[in-house]
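In the two assemblies presented below, chain A is common to both, partnered first by chain B and then by chain C.
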Partner chain A sequence: MIMFLHQLNPTMKAVTVVILVVLLALVFDPVTPSILLFSTVLLMLVGAKVNWKRYFLYFLPFLLFSFGMFWTTLIFGKQPNSPDEVITIWTFEFPRESFIVALALALRVLSVAALSLLFIFTTNIVHFILSLIQQLKLSPRIAYGVLAGYRFLPMMKDELKIIREAYRIRGVHQATTIRGKWSQYKRYAIPLLASAIRKAERTATAMESKGFTGERNRTFLRQFTITKKDWLFLVIMLALYAAAVYTSSSLGFLKLYDGEL
Partner chain B sequence: MNNWRFKEIVVLSALSVVFAVVYLAFLPLGKLLVGFFGPIGYDLIFGIWFIVSIIAAYIIRKPGAAFLSETIAAMVEVLIGNAVGPMLIISGMIQGIGAEAVFAATRYRNYSTWVLMLAGVGSAVTSFIYGYFMGGFAALGTGYVIAMFTARVISGALIAGLLGKVISDGLAKTGVLSSYALGKEVRKGKVA
Partner chain C sequence: MTSLVEVQNLSLRFEFTERDILSELSFSLEQGESIMILGPSGCGKSTLTLCLNGLYPRELDGTMSGEIMINGKPTTSYKPGQLSRFVGVVFQDPETQFCMLTVEDEVAFGLENISVPREEIEERIDHALHLVNMENFKQSTISTLSGGQKQKIALACILAMKPSLLILDEPTANLDPIARMDLIQTIKQLKKEIGFSLIIIEHQLDEWTELADRCLLFNKKGSVFYDGSLRHAILSQRKEIEEEGIWLPKVVQQLLPYAGPDSSVIPLTLEEFSHEAHLWSNAQWEGNAEKNERETQDVFMECNDVSFIVNGQDILKNISITVGEQEFVAIVGANGSGKTTLSRILSGLQRPTNGTVLLHDKALHNWSETELRKEIGYVFQNPEHQFIMNSVYDEIAFSLQMKGIREIEIQQRVGRILEHFGLTDYSNEHPYALSQGQKRRLSIGAMIVDEQKMLILDEPTFGQDASTNEEMMRMLDARYRTGTGIVMITHDMDLAHTYAERIIVLYKGMVVADCTPAELWQQPIEVLQEWGIDLPIQVKIQRLCEKEDHDYVLAST
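So, the complex of A and B:
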């Protein structure tokens, strides 16, 4: 059971998360997303090895976004059908209906964030791409092209350093003002892109000269399959969703997306 | 995809990787704007998140370039980890489809400035429709939603279309694009 989430097939895990997010978009009440939020975090607690400090750091921007979502929906939201029912926070009065919709949207952001972090924190990048070739029949030409491109990521930092030093040798110093910084980024952009393109071209030529054809009938060092565990995960997540919707409806909160535009 | 050279695929993904980093760098700015202005904050700078489709399509000029580059950029954002998760890949695809549709409408023949700007608008439209349903815009007032849409369309045309063209032309001048469609065109222009 331990590390359950790390052992799942990456593609199936992604599909499960996407299904859950789409299902979440169909409900407009605060109870369903909050139950899912808690159970997702709980699942991480039980089935994954997580650096919780890093997890919290990743969660922080979502909290901010969710708060922004909350107050704007409260203020710019549609006129409620029954404006007489109010709810008082501190000394401010809000219509109860708007308050609940705002809370629902804010909690939805958080529960989508928790689901996404579940995927990110338990999935190896290269495994995900290899699994996309094997399970979703992604073209190896594209997949290995992406992996090659992805390898340039750490080099970009060095490249930036080289460009900066090249400018300094010619007597162009670090900008200090905001406007100076802006024109500095403009100066860096083209050389950085140009070097990325040159590197990509060289890599592609090297791969082809060593016999990479990108055909589908290749063999793989790492094999990925879909097992019972993956289906179990999908069933668990769907059951959690069903339980959340049921709880919400028995509490009288449930509000489905009713097709209004 | 069969008429693509492998070189073009790797260059496309290298561009996508670079812009995935740029996209991530703009997320905090977007969040800051959202904190001040509400959801419309994102729409003001939304065009930056379409820019790689325009650049890739303008440089390579083959069917699929706009869609594929935006999808890969979204995927790399997820892979780096600091993003919205697998759902982002779907929104990347939807943004890519918008730009791709505009290029397809010209049968991949016309890459003038206004087509590039229209492609930015295309991404703005598809991404807004998607955001409308997934982001729960239905709960917002109609006037506010219209303002959001207008801001996103303008941002798509200017930041994605126009800035994308400027960057690509700048790159073409350095000569690294000499074996791609845009570089060839620039060279021909000089000869003529």
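So, the complex of A and C:
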């Protein structure tokens, strides 16, 4: 059970997460997303092996963003229809309606974040791409291209560092203005691209000489199938959503999304 | 029985080029036979590789004529990807041969391509990794492996596909000497066990020679001018080999000047030489190139107790060295011993965690960047990284222009450098459009136009072919003779032996030896091996001869 989320089919997991995000977008109240947020994190606790420190670090920017949204909506949101109903926090008074809209927005951001992190923290990127080929019929040509490119990123980072040093050695001063920096990066781009193209070409040659054709008729060491577990996950998530919506409506908060900001 | 490979009148020309890269090429290869392909840079050896594995003409921008038969069928009649079952290639660059993240997935990749059933894939991966002694790395991430390990994985990927022909396209060019020997040993062993056919393309052919049954010599025009045994070629084709700039095994290079025109045998390896060293007793072993003689030495740079720590790991530990004015110093050591880091600290690119670096008794970080660059130049491993401008001329003129020197003087100085480095005809070309050797020359030329007092070079011979290296060393040596100090990181002990006044050996981040080459070679062989150092060929030959004399004396008394 502990690794339940890791064992799911990556594509199905992604689809489930996307469905949930869309469903979340349909409603606009603070209760539904908060229940979902809570249960998503709970699910991670029960069904995943997570480095919580890292998890929190990833969550942090979303927290800041959602707090910012909460605050700006609260202060600068459109005039409420019934300004007389107020909520008091720390001796500050806010119109109840604005407060609920702001809270709904902020929680929505957080629960989408939690859902995305559920996917990111329990999925191996390579497995996800391989599963996309197998379940969603993604072209192997594109899929393996992306994988090869993925390997290039750290290489390009190292190379950029070397190029910068080479410029320094030649007596090019580090730019200080933004415009100067921009034109400097434009200059770095040429050697960086030249070597990236050459590397890509070599990789492509190596791949082709190992018999890669980009066609679909291939076998897989890692076979991904959709099992009962995956449907179970989808059902669990939908049930959570339904329960959240039901709770929200019984508390009288439920509202369909109508373009509010 | 049909030959495994049959090439007839193969000619190939790339689009927008004036001449054929391969012309009227014919040769054949039997099942289980091994050949070595030798030729100057740019003679189309690597192009031939792509013809043999069927990528050309399918992916070729250009024209190809003639016929290539694999197993009696023309390559063009195979479906894309199908030839990979018969022909496998290990390429030069260990960084760009992979598309997956882990070893297991990468080996599986080729097998998946040719639709090997899943159950069998597992089995074949284990077997292939076993063949190259990398079983313990099955789950490893490829980017954490060393260059030598990566090449072994590349080899395993190919072996898993069980090709009948293995093409090695300079697989050791980017490896250090120890990893190189290891890979060659592995291949020799496998050849014995499995018995595939082999095509070896290499610039540095020492150690490969005993593997090859035959050799093909290519000329600059891309056709074969000799097909037969290497031993015979060295004697009968001596003039052509020299003219084409084909590199011979190091032992041969050393002995050839003493071989009479009627010599019937010449040893290709040290092993062979050791049996017949007495035949060469008349040879006068060339001493080292003359090095600047000096009585006292002024200190140019000084490192005091320098350490460098990254993520709690000691890369360099308490390094204290000096570099004299106008001195030629080689820094050697195994991969990961901290050579590059030391060179970056010496050049001021990197500040040490602890300790100080003094240049003319003034701490390096107190020098202004502009002043510092007048003192020290730094040449990077990959010449392209250094190019800033759009033409060869501007590239060299760049640092002079930065200094605000008068245009007329710039023209003169750039002109001199262009001529000296044989680049006058290319002054309007884009630096990227030059050949490998020209790029290397330009990168050094652009650096030394400033006339710094010292030049630091980070493995300038890495991934370059032999003739480029020789040419480059001649230039550096000329510079050194006119008073430029040189600090060179290298794996090549022959270079260090020939040119350096002093060798500094790094081992696990510490200086373990700092002495003249002659003194270094006196160290016990086990110690040198532990440090990752191989004796230079000259020293090896001399030792064998001395041993021979010694044995002779013993026998006769």
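To be clear about the criterion, the second predicted complex is superposed on the first by the 234 of 261 C-alpha atoms of A that agree within 3 Å, B and C clash if a C-alpha of one lies under 4 Å from a C-alpha of the other, contacts with A are read in each partner's own complex, and residues count from 1 in each chain.
By our rule, a residue touches a chain if its C-beta (ideal position, glycine included) is under 8 Å from a C-beta of that chain, and two chains touch if they have at least 3 such contacts.
Not measured: the values here are computed from a predicted model.
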Ask   = Touch check for A:205: first (chain B), second (chain C), both, or neither?
value = both
Query = Touching A:74, do we find chain B (first), chain C (second), both, or neither?
reply = neither
Query = Is A:197 touching the first partner chain B, the second partner chain C, both, or neither of them?
reply = first
Request  = Name the contact category of A:187: first (chain B only), second (chain C only), both, or neither.
outcome  = second
Query = Touching A:107, do we find chain B (first), chain C (second), both, or neither?
reply = neither
Ask   = Regarding the shared-chain residue A:170, is it in contact with chain B (first), chain C (second), both, or neither?
value = second
Which of chain B and chain C A:154 touches, first, second, both or neither = second
Inquiry  = In the overlaid three-chain picture, which partner chain does A:221 touch, first (chain B) or second (chain C), both, or neither?
reply    = second
Ask   = Which holds for A:31: it touches chain B only (first), chain C only (second), both, or neither?
value = neither
Ask   = Overlap of the chain B and chain C footprints on chain A, residue-wise?
value = 148, 150, 191, 194, 199, 203, 205, 207-208, 212
Task = Name, in rising order, each residue of chain C that touches chain A in their complex.
result = 50, 53, 55, 59, 80-85, 87-89, 91, 93, 95-102, 104-105, 108-118, 121-122, 125, 142-143, 154, 157-158, 161, 344, 347, 349, 369-370, 373, 377-378, 380, 382, 384-388, 398-399, 402-403, 432, 446-447
Ask   = In the complex of these two chains, what residues of chain A are touching chain B?
value = 14, 17-18, 21, 25, 28, 58, 61, 64-65, 67-69, 71-73, 75-79, 101-102, 105, 108, 112-113, 115-117, 119-120, 125, 128, 139, 141-142, 145-146, 148-150, 152-153, 156, 189-194, 196-201, 203-205, 207-208, 212, 214, 257, 260-261
Query = Taking the complex as given, what residues does chain B use to touch chain A?
reply = 1, 4, 6-7, 9-18, 21, 27-28, 31, 34-35, 38-39, 41, 68, 72, 75-76, 78-87, 90, 133-134, 136, 138-142, 144, 167, 170-171, 174, 176-177, 179
Request  = Report the residues of chain A in contact with chain C in the complex, numbered from low to high.
outcome  = 126, 144, 147-148, 150-151, 154-155, 159, 162-163, 165-173, 187, 191, 194-195, 199, 202-203, 205-213, 215, 217-223
